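I have a structure I would like to understand better, so I am pasting it below and will then ask my questions one at a time.
A, B, C, D and E are the chain letters, set down in written order, and residue numbers restart from 1 in every chain.
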Amino acid sequence: MQDGTSAPQRIAVRSSGRNRRPDSARLRRLNILVGALSLPLFVGLWELASRSGAVNMVLFPPPTVVAAAVLEWIRSGQFLVDLTASLYRVTTGFMVGGALGILFGILTGQFPVMSSLLSPLFHILRPIPPIAFVPIVILWFGLSEAGKLFLVVWGVFFTVWLSTHIGVQKVDRGLIRAALMLGTPRRQMLQEIVLLGALPYIVVGLRTAVSISFYTLVAAELAGTFAGIVYRIEIAQQNMQTGQVMGGLAALGLISFIADRLFAVLAERTVWWR
Amino acid sequence: MQDGTSAPQRIAVRSSGRNRRPDSARLRRLNILVGALSLPLFVGLWELASRSGAVNMVLFPPPTVVAAAVLEWIRSGQFLVDLTASLYRVTTGFMVGGALGILFGILTGQFPVMSSLLSPLFHILRPIPPIAFVPIVILWFGLSEAGKLFLVVWGVFFTVWLSTHIGVQKVDRGLIRAALMLGTPRRQMLQEIVLLGALPYIVVGLRTAVSISFYTLVAAELAGTFAGIVYRIEIAQQNMQTGQVMGGLAALGLISFIADRLFAVLAERTVWWR
Amino acid sequence: MSGSRSIVKLALASSPASVDSARKQPAIQVSNLSIVFDTHRGQTVAVDRVSFDVAPGEFVCVVGPSGCGKSTVLNTIAGLEVPYEGDILVEGSPVGGPRPDVGMVFQQPHLFPWKSVRRNIAHGPRMHRKSRKEANAIADDLIAMIGLKRFADAYPNTLSGGMQQRVAIARALANQPRVLLMDEPFGALDAQTRAVMQDNLLELRDRIKATIVFVTHDIDEAILLADRVLIMSAGPGRILREVAVKLPRPRSSTIMVEPSYLSLKKDCLDVIRAEGARAFNQSDSN
Amino acid sequence: MSGSRSIVKLALASSPASVDSARKQPAIQVSNLSIVFDTHRGQTVAVDRVSFDVAPGEFVCVVGPSGCGKSTVLNTIAGLEVPYEGDILVEGSPVGGPRPDVGMVFQQPHLFPWKSVRRNIAHGPRMHRKSRKEANAIADDLIAMIGLKRFADAYPNTLSGGMQQRVAIARALANQPRVLLMDEPFGALDAQTRAVMQDNLLELRDRIKATIVFVTHDIDEAILLADRVLIMSAGPGRILREVAVKLPRPRSSTIMVEPSYLSLKKDCLDVIRAEGARAFNQSDSN
Amino acid sequence: ELLKARLAQNLGPISGLAIVAKSKGIFEKNGLDVTVANFTSGKQCLDTVIGGGADIATTAEAPVTAAAMAGQPIAFVAGMEYSDLKTVVTAKAAIKTRADLRDKRIGFTAGTGSEVYTATLLKSAGLTAKDVTLVNLRPQEMLPALAAGSIDAIDTWEPHIANAKKALGEAVAELDTSGTYSETFNIVVMRPYLDANPALIEKFIAALIDAEVWMKAHPDDAITVVADAVGMKRDELAPIWTDYVYRVRLDDRLVEILKTHSAWRLESGNHPPGAVMPDFSKVVVSEPLKKMAPERVTLSWK
């Protein structure tokens, strides 16, 4: 499995190989350069756009202002608290939702009866935005952390479920037949063939779910919280502290970026046979 | 490509075949029955839970109350207006975001330089919840419909981009090699091999994006709207019209369900070679 | 014409195996098997009323033109192709799905990409509740047999076509199935490796007393290995001839110059050649 | 030992083709080609300092034990396996990637699953800016040649293994490449179909004057088709022998009983047998 | 032994009394152990209390009337703050008087006091909703919309008015609408809870009164405490501090606002199904406050 940003084709490289494509080394260096410049370029453009006077600088602060706000936020010690709270919610919710999604995806993907029973329901519940039923969640869970986790789990679950479900149906039939002929019992079939065969799709679902889990954080941190990146963004928005708002958004982006990177590495290790 | 709820394995059936698996017809009938009962069962349980007195009936109204509210909503003529507005936003946003997602997914998936340049940026922007930057969108787009579409496009784009990107890298290398040896130029390679080879993944992305587009509708219809299902839900929530709130959520679910079904059928037709 | 009556047994070789099979319970009994595929272009009749029996312990080779339905017949006996018309009994019971005592080597290797060579081969024994150690021991024996000791820990995508095919064979053998269905198992092997594999297969068969149905497109191979050769017609596949091979075993490749061998081969080739020409024309005219 | 010096030409057959190639510019010039794969188990040397030339219009067959690097060499000449060590010139220019005048039939068919048989075959001509009509005409000719008229509109997943392989061959031929690399193209075909395809290939080669490198594991096929046979050693692959085949053309299968043919075959088989035994033992001992 | 209570609080200067009571330990002094959950709207606070997620809500009048009309057994035990809603207009729109609002695009927040304020404002200028374009926006989205030129005026509460003036400077001006409508911020509990815990509510009200007294005595400290709690900078809160009137009370004006709001709901259809004008003498429960500080209850109906 290749990670999101690596080159499409992996080529075994040996130092002594004389006949690599002549430009491949140069190309690789160019890629690294471009990759390293990508974000600075974006930040630079943002600074320019913001300072150009075309938009209101208070409402659309430049990165320098944002950086100052973030520094202030960090210095106050609040950032660490917010980060910890959000990270806890996202990771726990992601893991629970992901595990359930894989489980149910395999069940509905493999057993038609399960699919008949659950798929219509899941398809109907799937698009319901977590933020829209925050009141119901509070009703069920009170103001507990469980309710907040439920909202994150909601978003992650359906994403992972759908891609697992589709992935299960895309498992190479040749492999299933081979496993059948070797007397693989149903249980083992699921864990040894179906799960691994569907893995590329499951990974797509999980990686998509990384960002979904941040989407749902908005709903989760809307109600009855004291800390959390999105909670702080919300407060800052009320107070027109746009620097902190943007800083919070950037923090979300960075966390998820790191999470996704870790994830890609993990995925690459999981697909050990490549 | 199999649709989400169909049986995992398709078997050619002929009426005269004597040796189908003996229970397959009975199983199929059972499946249809279970499928037909799935939603009624859910609604029944909901009615029971709601009327049991365990939870506040005003905050968690039973389906009968919801149905009455929806009927009233429809009778007032407002429902059609809301539906049209939301449908317009979702479909347009979905199509634009999906098209862009596929385009950029193929670009970054196929060209390492593009990937180096754009992937880090996309990965950082990807998790940013649309609802969190509604103010910025208003600043850029004003209260135009374009801004609302932008929010929907945002959510759809990144989802489709990621799965296309991954899908492009999963295209059977044997096919690419075969096409290369047949002198396929780069442009044609993209449209004849890469796009079709990545199609299963793209479809996963698009189907996930169906529900994401409804998630983002919350952000889109929060500001400066006059009609829309989520807008109406929002208002109804303020007014404690919980029946209408639930009705609106159910409407979202149903629309997306139908959309997904249409989509699955379309996907099945697109993968014509199966 | 009905399938079973259309089988013309060559006079010069009335097979004792098929006489046997009339007395004992046949290991495989196929009667009037027809298989039709639905495609977007309408229905394709892949197999048309095929009937044959295989006695316990018999080694039957199936030859026939490309696309005549050999793989389809094998898949159906394996319980993988449903629905079908007609009756198939394996060891007396009708076929409804894959069963543990029937092994199969597919035309494509279909190795599990996430398992090393050793674990691919050990998969079957593991599924039959053997301990990891036992299963690995079985696998290592077979790995030695297929000459891939150096590649025991390699993953399938790093193997050449012929190496993959050998692993697939070993994987099917690891279960010691009572009935073994093999679909062109040696198709991707060079002559030398193939000869070694043939010897190994025959030796193993004698040890585990398996019944084998073996698809090949190499007449020499068929005659060298088989107790009986079934020659199929071009698609829709029917059985054209049944040729019993009564040459003494063990047969070394030196028998290829003996007259009895050559006459058998000539008989087969004549049937095949006539049919082959017809097949090519038929598929062109339709 | 260095690759080029290790090639021992059989005395009985000093090939005029290789004399030719010394004068004219060779179509393919491989010198000191080595290929190493990185795997999780360390590096596998697939090809070890292989050198050979192929003259324009020459038909060279490559035989060798399973896993000896035949496919790897072909892929490298095709420009698909980078990086490599050594030098490869095709029609005088170094190989850096796939090029339009080199065609390839892979060991696996690799058909485009979303294209019908006709459109698979028409793909190459379409990419070379032929009109749909022209491309379809070319495809239909080739479909007739491979005997799949009835399946022109079928999709690859509804074809048998041999049918797929024939489509893959037709697809490569449709481009009329100047250099044609074929990796066990007839491996999945029955004897009869294979003979027809062999004839067709030779006829087409005469028409388009292509240079052909053809991997096979069938010595008879190699001698029947080739101007020269390269025999490779077990992996890491080296070239063991180069055997020129000076039998007159056209060669029908009846030459298989002629003494010159038999002596050629015996020579080849001796080399192969010795090597094969060594290979099996070597891979087991390591 | 402290009595435990869960407070659902809208985190903003409007909750100033509760914030001070919590951070200055005034709850504890009154024998309470209060757990605070923060929300960004009073509506969510009340929903949480109705759903059983918290015991005491701070909320504006709008959620109160909605809940009362939905037949929820809520008890309105005290008002604790009120502040005027205000209007900011863009300079470009050349709005000098209320009457100039005709044909202009006005941002308001549906379902909140802002909506009632807007209706009242228009009525006072002799206009109806048809004479203007009303645009529903959350307060934090009004500024960007103003800046983008999508609307000409906004009707909202502090600190958004001050923020707008600060962010947009010369481009905007405040329209004088003082006295048009005050949004109130109040303490609401469920009736069964009140009946079961009368002493707790009394202590809670007493704590708020103590907080009010402390705030009067230490206005500078109060600004600092509140600004800290809500995440504002002190010098942002100070200029608008006087806009927030903190006073624990039950008076006719409060009831009047509730009635006005309910009437607007009934008139505009923004009400739960089958709602009628609630009997506020049942919703407003004056006993606890009367017990603690009778002088603060000035209801004419009792």
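The rule is short, and it goes like this: contacts are C-beta pairs under 8 Å (C-beta built on N, C-alpha and C of every residue); 3 or more make two chains touch, one makes a residue touch a chain.
Predicted model, so just to flag it, every value in this text is computed and none were measured.
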Every chain in contact with both chain A and chain E is listed here as B
Among the chains, which one keeps its Cα centre farthest from the Cα centre of chain C?
E
What pair of chains is linked by the largest number of C-beta pairs in contact?
A-B
How many angstrom between the C-alpha centroids of chain E and chain D?
84
Distance between chain B and chain D based on Cα centroids, please, to the nearest Å.
49
With chain centres defined as C-alpha means, what is the inter-centre distance between chain B and chain E in Å?
39
From the mean C-alpha coordinate of chain A to that of chain B, what's the distance rounded to whole Å?
17
Could you say which residues in chain D touch two or more other chains, in rising order?
37, 40, 97, 108, 155
Multi-partner residues in chain B (2 or more other chains touched) are 55-56, 59, 135-136, 139-140, 237, 272
Overlap residues in chain E, where contacts from two or more other chains coincide
47, 51-52, 140, 143-144, 147
Seen from chain E, its contact residues with chain A in the complex are 6, 8, 11-12, 37-40, 44, 47-48, 51-54, 139-140, 143-144, 147, 159-160, 163, 166-168, 230-232, 236
Interfacial residue positions of chain C with respect to chain D in the complex
37, 39-41, 44, 63-67, 69-71, 107-108, 144, 147-151, 153-155, 158-163, 166, 184, 187-194, 196, 217-219, 269, 272-273, 275-277, 279-280, 283-286
Within their complex, chain A touches chain B through residues 2, 4-9, 27, 30-32, 34-35, 37-39, 42, 55-56, 59-60, 108-113, 115-121, 123-133, 135-136, 139-140, 155, 158-159, 162-163, 165-170, 173, 200-201, 203-205, 207-208, 210-215, 217-218, 230, 233, 237, 242, 245, 248-250, 252-257, 260-261
Listed in rising order, chain C residues that touch chain A in their complex are 78, 80, 97-98, 100, 102-104, 106, 108, 110-115, 123-124, 127-128, 155-157, 168, 171-172, 175
Taking the complex as given, what residues does chain A use to touch chain C?
172, 174-175, 177-185, 188, 192-193, 196, 271-274
